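Shown below is the structure under consideration.
Residue numbering begins at 1 within each chain, and the chains themselves are lettered A, B, C and D in the order written.
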């Protein structure tokens, strides 16, 4: 299993139906490519991605912020219980070799920051755009759909 | 001391001379207002802000990522040794009641994300601009100079 | 996989040959019982337990203190990269439903403390004995051999 | 302030009146010696030690496990908000140059383990006794009263 690729899917725990569809499809694509899905283990984008990966026969890891494995969404197969709150975002990112960001709120923004700081590639689907001094920051690689996102993430490892 | 205000100054450990000047002035202004400075304890913006605060008679706290108090810049008076790497960014933000971001790289971006997630006000000087769907995100409060940044940060607590 | 039992094996990264034999046998027994092995991911007791579990067809999770998946021992199948140093000991313990302590130094002692604090059963093989006011503390359940340790750990979940 | 000594006082958040008296006296002695008190910021031994230090004019730092500065006991002057739960025990220990353990439950046991692992001296007042293979472990330095504990802790730095 040590040749397996670990890819994180990050996004809001309270996402739109469209984001959930994107996340589920990303999860399926990851499983089809034999990649292991890493996420924060909760609902929204995380649950949808885990659902897609599990339905397609893949393995899912949930790095939980809380104190109980029961806080994991039902599609997390490997719950990691940190009780670290949002500090667990760093672990989600560092455990992965590439990150796919889908939509996202401020927690996702923090994870994008941690990933870029660690030179871990970030592929984005409808996520944040970053500017400095009015100039776009090109660090987030834009994908046009879930298949493209997974293809780019895997090819960047 | 429990009525004192705790304000974080975040920014790159490897900053421009202009950013260092802004940070030192922010540190001085915080001390003049009796606020306690919280930062990540290293160089660049953090060291300049601590220097300013210390020169103006203020108190400085450095939440260090590494394993030794000796990694703190010389103007940190209270070194907190976490050995948590970047996960300490969450502690910098949560220990403060408002955050002033100066310039900044990806670590600063992660701290902005953590602060906004926790409803801690973020005041920015020459820092990141955030967009979603091509629309500017107004969560970072822009300041025009160090005095304005400190005034806004204190008034938002 | 969510009905699987997660059991931690804790012990020194620099152990005696006898402790390594005990740990490898514990790993094998855990795998034979279908339990998932959680550990700190490094050498010594951790590597021996992972080796035993992997040879017997089990799954192994290594909660790494460092910044790279390459620091994991070669029998870790799921490396979790925390970069938290010893603070990762808390995650090792909380991710498990029972803990088996083999020999052990001060890091193991900290994990025993964290486990007992969280009401997670601790089974001991040649490990610490605790006293308060000269009276033995009975919280660590003594096992007479690896098979007994695994049997007790599983029955306590 | 960088020549100040940082000494942690560890012990249960729910202690006996006798332990509280010991802790308050330890806090006073630390302040009289100009040392800065580091603790976990909550009640019991932590609150009593902070009370003693504050009454004697000393400075107190509370490394809080929770998400709010309001969880600190009223004698914490510098609240550090970690939201890391018990993982904050590592920070309490690493921020100090010596540790005084008073009584104590399993959380205190974990802190003793973390301190000894980091070669930080531990002085004990009515605390755990450790044995390996039936032989007492001499790592915890026994003190006969609060004054002796503070004297030993300071002299060991």
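Keep this in mind: a residue touches a chain if its C-beta (ideal position, glycine included) is under 8 Å from a C-beta of that chain, and two chains touch if they have at least 3 such contacts.
Just so you know, these numbers come straight off a predicted model, no measurement behind them.
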item	value
Of A-C and A-D, whichever chain pair has more C-beta contact pairs	A-C
Centroid-based (C-alpha) most distant chain relative to chain C	B
Inter-centroid spacing, chain D versus chain A (mean Cα positions, whole Å)	40
Separation of chain A from chain C, taking each centre as the mean of its C-alpha atoms, in whole Å	29
Contacts with 2+ other chains: residues of chain A	67, 83-87, 90-91
Graph class of chain-chain contacts, one of line, ring, star, complete, other	complete
Residues of chain D that touch chain B when the two form their complex	1-2, 6, 36, 61, 63, 67, 69, 74, 76-84, 90-91, 94-95
Chain C to chain B touching residues, read off their complex	67, 83-87
Residues on chain D engaged by chain C in the complex (per definition of touch)	84-87, 89-91, 105-114, 116-118, 126, 128-134, 139
